[in-house]
């Protein structure tokens, strides 16, 4: 989308491939550390486990989605704008499918999400359509279809059935009585994502595909499949988050997951995943998510004057920090001799 | 004083990149009405020096005088204003725009502030005619072929009526005839008093067109002397800093069994009805002019591009068409001619690039650990003497020659039964060339088959056991091994040689 | 080896030797796909939807178009420059809210001035961050989109700012030639009813942009820059200035658009530009502007915008719900870009084919059935077309 | 791929879309004779209709409207003075009207009514359901348009469309209380009778409408505030989760509580108020922040919505182990009522979505039948649902 700068200006980089990566990750964790210090300075309550737990809870689902989207960004396909649609769809379908029992409904929910991801993957990976535009169209289609299917109603899990109750409790379920399920899912997804990206053949192929598509193709890598895979992964995590969010909201409705598209890409990029593809890591992405969590939390603790629309100020600060951090990252990368991607 | 007639003089010019000193205190001058060749191995600083002229850097040191007056070339605009035009190695045309708008880029004719289309088109036609192109100026550049594009690039440079013309490898995609036409143009311009700087790896071209030649090595100037006074061998010696005994000894091997059989392979509009065989331990050279369909043949052969008719057999088993992955698994490999955009991921390390072709081999139960490839990697780096040897190096930090070695290493790592080499030494310095030639020879001696596509005739003749000739999309036959020589290849490629059926 | 008949492959089924009867028509259809789409929508809706093909509704469609048109034009310019501007929606909102908020104190002219200047400022900021700080435009404009929207939310305290008088609104909405809808002959109404100052402003903006992009050296330079920044740079163009300029224009136009809309609706609200971005992106892409830069026309964008608006409007004439409109517009966008991809694929497949070879192939296809093609002539025998041009 | 095939594709897309359209219900044919038509129309009795929660469908607040005297400049007064909000609360009460169209007086039978809704939402779905019941009973042909996702521009376009289609009456559910004024004016000038609904337009808009019907946000939130105060024993700090910006509830459901509590329970203190766009997650985050920030001093939370936002609030309280916090909210969604039954919510306003949709249609029918002396505003009755009487409002409407 944004064209390469004149090569003549691009300085010849010295050694050090993983320097950038490390630098990005360090960068975002530096931010996290700074926010942490700020929080401690601002109020005593900040450091309390309750508060930190709240901060974490607020971004658990965001984290789950972000890990998936990271693969799309890593493959140099920017963003999947159909994420909110996938979340709403999988959640709603899961509620509808409760009549087949609890586990089947979860399975069906995830499957539907993955199906959308597969379509995205096939169209973008195999037909080479622009990801932003296609997923935009897909988003419009999905939100239309959901409204159409449920005629503007929202559907409730039936409390009368065991499956319904189980579904409503899903979000609050605690593994071994202490670890909240969403957090567990996040940890699992993150670990899986990290392993997949770092330590599998797929990860290596995806990296080459993301860094240099043509090269990957002429190395005999099935680039189309690699890209399609990224979209399927992203849709799967979105679906999982969607089901959890639906259980949290106690209803399946079209507005579930709204705003997750841009919030997620913000977290991913903040975490040092460059839109140029092939760079960044899941660890960094988690850092980005943590940074957003702390930013919100700290700002909500600031005692600003009464009767202000605190939300708006918070967003402004977030937007500014976002641009700033990414700017510093790309600047640092240029300085260390990388390209401006 | 001696500045009389000197169009350009560069005094003590240096340019430092982070890490390296690319150009180190170079003095260089061109007289009006002379062609001054600039040669040297890759990474010797030729291109950097000329980019200084093109105004690509605002941080070079030293002095540049044009016609005796010092000028600062800190932006391309400044360079253009000073009458310096550059023909770039990698084309600088905008694909979606029309030829006309590319040729007249930056100086479109205007009437009453608006664009004057009629004049734009007529002017463009004139400029295209000079380089012998009859194309509609309104055709988008994305729809013309590569060598047409290169001619457009030249027309674009000439359109700006420069007083100093810098040509960086202008002939890489041109056919012989086109090269000759280009030389005619250059000679005419020289008579008109234009000062030309000519950068090339083709010593033959240099000796043919240049008046003086300057040799650079490691960013320093080694020598400047009139072309009449030097031989190719001497120039090579100065470039590499050591004497090179004949490029590569002619190999003699007893070919083994038939390895690769190509039957009536066609991709409509690119090459038709091509049939040949390659034996184990044999190097089959494919001669021909640029645009004769050799690369297209190679790409379709290993499934990168589609095949419309015919088939390919490896060890008697047909290779699934249209799937490069399958072809590689079957034992084929294709080393692309376009290193920068198709061969190497410049952002990634040498190790990652070299091992990228053998990812599955280093996976155990789904776990990929490049470390397993460490030994292989070290061997290859050592065998091809890739400099600097660090596997963690980012590829873009390597010189062209070493990048090419890395690219070859990638395919040696994959160790295919049949390796197709497309211009394996294009734009590569002599030192790297020797290494690559040896590697190819060893490959064949190890019983692998090699298909060599090269416009470098000495290389083609020296390395190949057999040479077949392609012309205008047809394989028109094989040279009699007895009398294969640069000359015979050239004649055959131009459709005048005598051939035996392949 | 014996010349055996070549194994049939999937592609061999249709040798390009055969002349394709519809080639011309298909090419034209692709070339003018936007107009085609627009015509189809008008035809279908005109046939199906009550009250659709009436002067009143036509002007209604154009009003809907003009709402997003200036911003869409700006977006097109940025896309041609090879960048992306997600902040157009917020810029519209800003223009609208500022005009309404400031007009009591500064008067209409003053308020417009300030609003437009703010738009320009936003654009410049985007441009500088992209060109000088070298941050990806997707990221920059995503950030400014959020910042500006929330700044406006604070400015109008989450509410909506009404106009103090209806005078300007009436002026902007009333046709220049004001005929009585009941009395006047429909033919005249068709011509005059949509000629409101509000629409005219948008049309003027569009026309100016079209001339700028097609007929001025600067405009062509923008294309060059988007198509190949390096080439532009070597041709002595100031690439950064073009990038900044493109963003500045986009911000400015979006603000103008927002301001006009707010003035016309006699109210500036946060929701003004909220849903514009998606519509604009869809329209610009359907209009044939390429995400890779260097390619695109504002006329195409305009027609596409008309088509989309007509689609939505027609559907609601049919009483179709929001969901149907979403599905329909999604489908149209999807189909168009699939169509594009298909054509790109075909072009790349044919790119670089040699004329002489194709002619030869046709000659053969004429002379004998494709099956026997393999056995035709020993490879070394001189065939037809051999001595053609030295290159294809 | 040829021209024809492309065309075919596009056609398929269109027809597919058109296939899904809800076409207007036919409605009974009105007899030619006006008197006969009127007689038949008057014969229709809708009082027996019930909404999904088995409550009567046609309900309205009969108490006469008597607004207090308007202060010179309300906005000069402090925000916690009820009269600061005078123009918002008593919008149009003074009943000033401009060129209202006369009733045709020939009966509702076979009349065409268009309803412009602000967005797709379960509430509006129930709202439309109620409206359709009445329309069906009265033989009125109803067509419903939705302004996209609460998009002012689209609503404005749909208003133009209505002007173009000239129905017998339009029921308008504004996207925005202020931005709707010019639209009302335009419809009024075009001679289209308007009944505004649910969202009370600002005062400047009221002259153009026959009347307005909807929930009495100010009134019922005062009622809710009194219930809230009672449960808080008239002391302690509280916070308010606000409605979406842009609508009147954003202010009414906030400041009616603030002003009322200032009057009846001066010892209660409002710590903080924020909009969370009614999103559960966001609300949970904000409320958790409040609980951390104000700790034990925070005794109660008022919410502008008992579904999404309330879920967030309860989540936060549950996580912090602060089930003791007193919670009241607006609207009677299923979620809210379940919370009431579960004791996690102590009071919600009864706002029957179906009745909200039925009332304007009923009044439209009366107007068609010749009833022209309409009140400037018709409120739904005010009531606060608590654990005591929640059962009689089940099953919830949405």
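Going in written order, the chains are labelled A, B, C and D, and every chain counts its residues from 1.
Going forward, a residue touches a chain if its C-beta (ideal position, glycine included) is under 8 Å from a C-beta of that chain, and two chains touch if they have at least 3 such contacts.
Bear in mind that the values here come from a model prediction, so they are computed numbers and not experimental data.
Peer 1: Tell me which of A-C and A-D has more C-beta pairs in contact.
Peer 2: Higher contact count goes to A-C.
Peer 1: Whole-Å distance, chain A centre to chain C centre, using C-alpha means?
Peer 2: 29
Peer 1: Nearest whole angstrom, what separates the Cα centre of chain A from the Cα centre of chain D?
Peer 2: 36
Peer 1: Give, as an integer number of Å, the spacing between the C-alpha centres of chain C and chain B.
Peer 2: Distance between chain centres: 39 Å.
Peer 1: Express in whole angstrom the distance between the two chain centres, defined as the mean CA positions of chain B and chain D.
Peer 2: 73
Peer 1: In chain C, which residues are in touch with two or more of the other chains?
Peer 2: 153, 158, 226, 228, 230, 233-234, 292-293, 321-325, 327-328, 331
Peer 1: Where in chain B do residues touch two or more other chains at once?
Peer 2: Residues 54 of chain B each touch two or more of the other chains.
Peer 1: Two-or-more-chain contact residues of chain D, please, as numbers and ranges.
Peer 2: 20, 120, 245, 275
Peer 1: Can you work out from the touch definition every pair of chains that touches here?
Peer 2: Chains touch in the following pairs: A-B, A-C, A-D, B-C, C-D.
Peer 1: Provide the residue numbers of chain D that touch chain C in the complex, in ascending order.
Peer 2: Residues in contact with chain C: 1-3, 6-7, 9-11, 13-18, 20-24, 119-120, 143-146, 148-154, 156-158, 160-161, 163-165, 175-179, 181-182, 185-186, 202, 204, 245-246, 250-251, 275.
Peer 1: Could you list, by residue number, the parts of chain C that touch chain A in their complex?
Peer 2: My answer: residues 82-84, 129-130, 133-140, 142-147, 149-151, 153-154, 157-158, 226, 228-230, 233-234, 239, 278, 281-282, 285, 291-293, 321-331, 333-334, 337-338, 341, 344-345.
Peer 1: Can you list the chain A residues touching chain D in their complex?
Peer 2: My answer: residues 43, 45-46, 48, 50-51, 53-54, 57-58, 61, 147-148, 151-154, 156, 159, 245, 248-251, 253-254, 258-259, 296-297, 300-301, 303, 306-307, 309-311.
Peer 1: Under the stated contact criterion, what part of chain A meets chain B in this complex?
Peer 2: Against chain B, the touching part of chain A is residues 6-9, 11-18, 199-201, 203-205, 207-208, 211-212, 214-222, 278-279, 337-339, 341.
Peer 1: If we count contacts the way the header does, which residues on chain C are in touch with chain B in the complex?
Peer 2: For chain C paired with chain B, touching residues are 1, 3-4, 6-12, 15-17, 211, 214-217, 219-221, 223-224, 226-228, 230-238, 290, 292-295, 347, 349-354, 356-358, 360-361, 373-374, 376, 378-380, 383, 385-388, 390-392.
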